[in-house]
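The same subunit A turns up in both complexes below, where it pairs with subunit B and then with subunit C.
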Partner chain A sequence: MTEPAERLRIPPKPTHRLRTALVVAAFAAFTIATCLPAIGGVELDFAAIAKNWQNGAEKVGQLLQPDLSFLPRTIGPMLETIQMAVLGAAVAAVVSVPLTLWAARPTNPEGVTRRIVRFLVNIVRAVPDLVYATILVAVVGVGALPGLLTLFLFDVGIVVKLVSEAIDSTDHPYMEAGRAAGGTQTQINRLTALPQTWPLFANQWLYALELNVRISAILGIVGAGGIGRLLDERRSFYAYDDVGVVILEILVVVIAIEAFSNFLRRRLV
Partner chain B sequence: MRADARGTEAGATPSASASWSIRLDDVSVTYRNGTRALRGVSVDIAAGEMVSVVGLSGSGKSTLVRTINGLVPVTDGAVSVGPYAVTGLRGRRLRELRGHVGMIFQGFNLADRTDVYRNVLVGRFAHTPAYRTLVGWTTPRDRELALTALDSVGMLDKLWTRASALSGGQKQRVAIARALTQEPSVMLADEPVASLDPPTAHAVMGELRRINADRGLTVLVNIHLMDLARQYTTRMIGLRAGEVVYDGSAADATDADFEEIYGRPIQARDHLGSAS
Partner chain C sequence: MSVPAAARSLGVRLPPRPSKLVPTITAIVVGAIVVLSTAGLSITWSDLLAIPGELLHYGRLMFESPDWDKLPRALTEVWRSISMAWLGAILCVVISVPLGMLAARGVGPAWLRYPLRGVFAVIRAVPEVIIALILLTVTGLTPFTGALALGIAGIGTQGKWVYETVESVQEGASEAVRAAGGTTADVARWALWPAALPTLASFALYRFEINIRTSAVLGLIGAGGIGSMLSNYTNYREWSTVGMLLIVVVAATMLMDAISGAIRRRIMEGATVRELGRIL
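Our next item is the complex of A and B:
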């Protein structure tokens, strides 16, 4: 085993021990500093865990004893949540195609429109989903509609960003052929770039669907429809056995949707 | 066949596309990074000629061929193809010119994830309004041209095959069909056989020669192998460091001429070898 190493003159492997140590030390110092209230860090009262654990254990105990007779009442809101998730993902998928092709360099070499689209999408993405939901509830009223709009905006933001970056980082030799044949960028995108980038899209659309189920479960807390409203209501009545049912149901649905989207992903990609 | 340059356009049958001449007049290309790819190149190619451009990689072959369809803009000098002055062409007129110039590439440049049919339809871009491509509406004539072109290179039975499932030689045939679907007046080829094994390389070169002979098309082939240039083309242009160092008969080019083009003694890898 060691023979080739002795025979061949291997150049010494460069080491950066000092640099690595300094970087690690800096990270450690920064992390500790964020926990020191004296210099503006967060205040973490770990003692509260020890003080209140009895209280928490009681509630966890209730959660672990879900009252399954509550289940029928959850079906309707749960369906609403799934509907919001699917519809939001579907509409976002349609809208994301032209926006993504506009936002990626290979499919839109023209700099001005590309930067405008990227800028707008970045703004859309910068706003947290609960903020959208809260504002939209105020604008269009309580119900499934603000939830749907929230999911739509959230999905467009991530799909356009992730897919356009994936398009940016791959080679597109067929584009030169399309250009050499006298095609406009629109023609090249439609006939060749779209089938070529289809798996990238499909991947993120399915990911958006998975996220939607998870997010829409809590959007109801701010009044944007779905199972979250029920969750919030039962919690405010301290009916933790009912909350346990809802959480269990969300868990089942999320896992089911993930299994379903993994299945689709295998077939599509 | 070798009709005059301004020949027929609309309603022409596939074999009736006119052949065009190519003229480079003192052309220089300097890339933005400062590389001088071409220096004062002047070349006159008559309609219907079969010409090879020979040189090592980095000699400017790829740049030269791309100035002809405007993929690379010239820094100095003028390029004209048939009735078009390429220099300074933009937008719709440039796309119109490109529609008349077929091109194939070393890497085939097919859209791998889509079928052969759609790849070949790319050849109709210049003759199709963008909105029609957008809604995916193909005219019977476009379909006819695509199918005829595929048939002529023997790839019709692969019509619905994904491009990624084809072999290298098959891909290049599809790329040739894509170019023929344009009903081109000039055919450009940039190292079309550099990614292929010897028998397939000979088949593809034979295909290009047949296109030149049967349709009278002007064909310009970039190539770095001396035996292919001698065997398949009638005229050879030698490029070294962006300058023309040879322009004459391909068959009569001596080994000394090739050493001049390569700028070094001939090596075994300058030959492909014969088809097995």
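Our next item is the complex of A and C:
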């Protein structure tokens, strides 16, 4: 005897309860582990906030009363900061183009060189900016040069990574056309990939410039030139009204550069 | 034979070439700014020639025989940096998600939206080191200060990402909730929040990745962690230890990036076919 036609089997409704519990447990375990001073975690010291919050409020209060007569002395270092930011971004922009084309799959189908370039860029990106500055100051001496090199390395890292990933994730019918027409990889890159990617590049270069102003404002703390040196100097004299001026100036310049690059970006995209 | 000539011989009229005036002017202006910046910097450019040699020399000192004796301490300090980054990311996300939601168009009222965006912009402009310098008058030179500084400094960017994400959510679900008689709070809870959640979670992990790099920076001013150790040994000129520390920093950062990146991809792209097979 045959059974009535086997019923359509509906897969069971997926239950997420176990998975949710596991994710929450992992999250909680990791968070607790980060709070254990015994293994190197952070000691949460909320009592200190309750006890000393006036100190911080006082500092903020001092910062909010900037001594504007200090402003003329900050112009020179600020100019140096901006110059470092511009030059670092410009040199990085030039270097980033070939590296990006090497690091993206469509523009460099050859696996070995692509992996090598990507690996090197990842290493460059993994070192924090002020760490570069600290070591470069020790190597080439105090001044704007280590700051410039730091910004350059930092910019190359982010531009190559972001643009090469963007190239990887888009379709490239133009490049196929180029290949069908018998172009070599270099010709295809030059005539199809590059014109398509310029807006992406420009976008990231501007982003790098913005970040540069922000970073170079603090590079001086380790001796790498620019406004940060002044900031650190005034702070070590506890001249918080002067520090307030410097922070205010950094704020104005950062916002100005951001507005400028947003304007350029709208024109580009 | 060039293309235009070929076209002409076939009697095809080519459209005129687009004007290159604006790009040319832009290029000249940018070039001038770069040249001026270069001229203004007080750098003795001949120093550049010596740099490859110097770097090779110091590279040798650092990496020829890295000093692994202090590895256990370095690992503790790396964990401290990661802890700072993690707690900072939690603090940052806990503050910036509600504030960012309120700053999104269609959720918060205008009188709240614009001040909040202003606050985000101001925090974005203040370097995290300065926030740390203010905080250390409250909580001292401790990793806790570092975590707080990371948490507060991140609010500016994170808040901006939150309201941009919420604003980019498709209109459909919001309209449906509103049509069913929902209030703005209902819209935020039942339409915007579920749609924005994966992106927000991904951004939260991304904040953690950024914080790992920044926590090393805060270490340089004495907040503890691998940055403090690195800056100390650089100041002592103990290059073989510095080399070891650099290797540890790079390895830890890349490892954390890889883990966090894998989780982010899983959140954004959902389960792969193979994983689905296992779940069902």
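As a convention for this text, the second predicted complex is superposed on the first by the 233 of 269 C-alpha atoms of A that agree within 3 Å, B and C clash if a C-alpha of one lies under 4 Å from a C-alpha of the other, contacts with A are read in each partner's own complex, and residues count from 1 in each chain.
What we mean here is this: a contact is a pair of C-beta atoms (placed from the backbone, for glycine too) under 8 Å apart; a residue touches a chain by one contact, two chains touch by 3 or more.
Not measured: the values here are computed from a predicted model.
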First (subunit B), second (subunit C), both or neither touched by A:75: neither
Winner by number of subunit A residues touched, once subunit B and subunit C are compared: C
Touched partner set for A:192, first subunit B, second subunit C, both or neither: first
First, second, both or neither for A:180, with subunit B first and subunit C second: first
First (subunit B), second (subunit C), both or neither touched by A:116: neither
Which superposed partner A:26 touches (first subunit B, second subunit C, both, neither): neither
Partner chain(s) touched by A:64 [first = subunit B, second = subunit C, both, neither]: neither
Subunit A - residues contacting subunit B, complex: 173-174, 176-184, 186-188, 190-193, 195-196, 198-199
Subunit A to subunit C touching residues, read off their complex: 11-12, 14, 30-31, 33-35, 39-45, 48-49, 52-53, 55-56, 58-60, 63, 79-80, 82-84, 86-87, 90, 122-123, 126-131, 134-135, 138-140, 143-145, 148-149, 214-215, 217-218, 221-222, 231, 235, 247, 250-251, 254-255
Subunit A partner contacts - residues on subunit C that touch it in the complex: 30, 33-34, 36-38, 40-43, 47-48, 50-51, 54-55, 58, 75-80, 82-84, 86-87, 90, 121-122, 124-127, 129-130, 133-135, 137-140, 142-144, 146-147, 213-214, 216-217, 220-221, 227, 230-231, 234, 237, 242, 246, 249-250, 253-254, 257, 279-280
Of all residues in subunit B, those that touch subunit A in their complex: 69, 71, 94-99, 101-103, 105, 107-114, 118-119, 121-123, 125-126, 128, 130, 133-134, 136, 175, 178-179, 182, 188
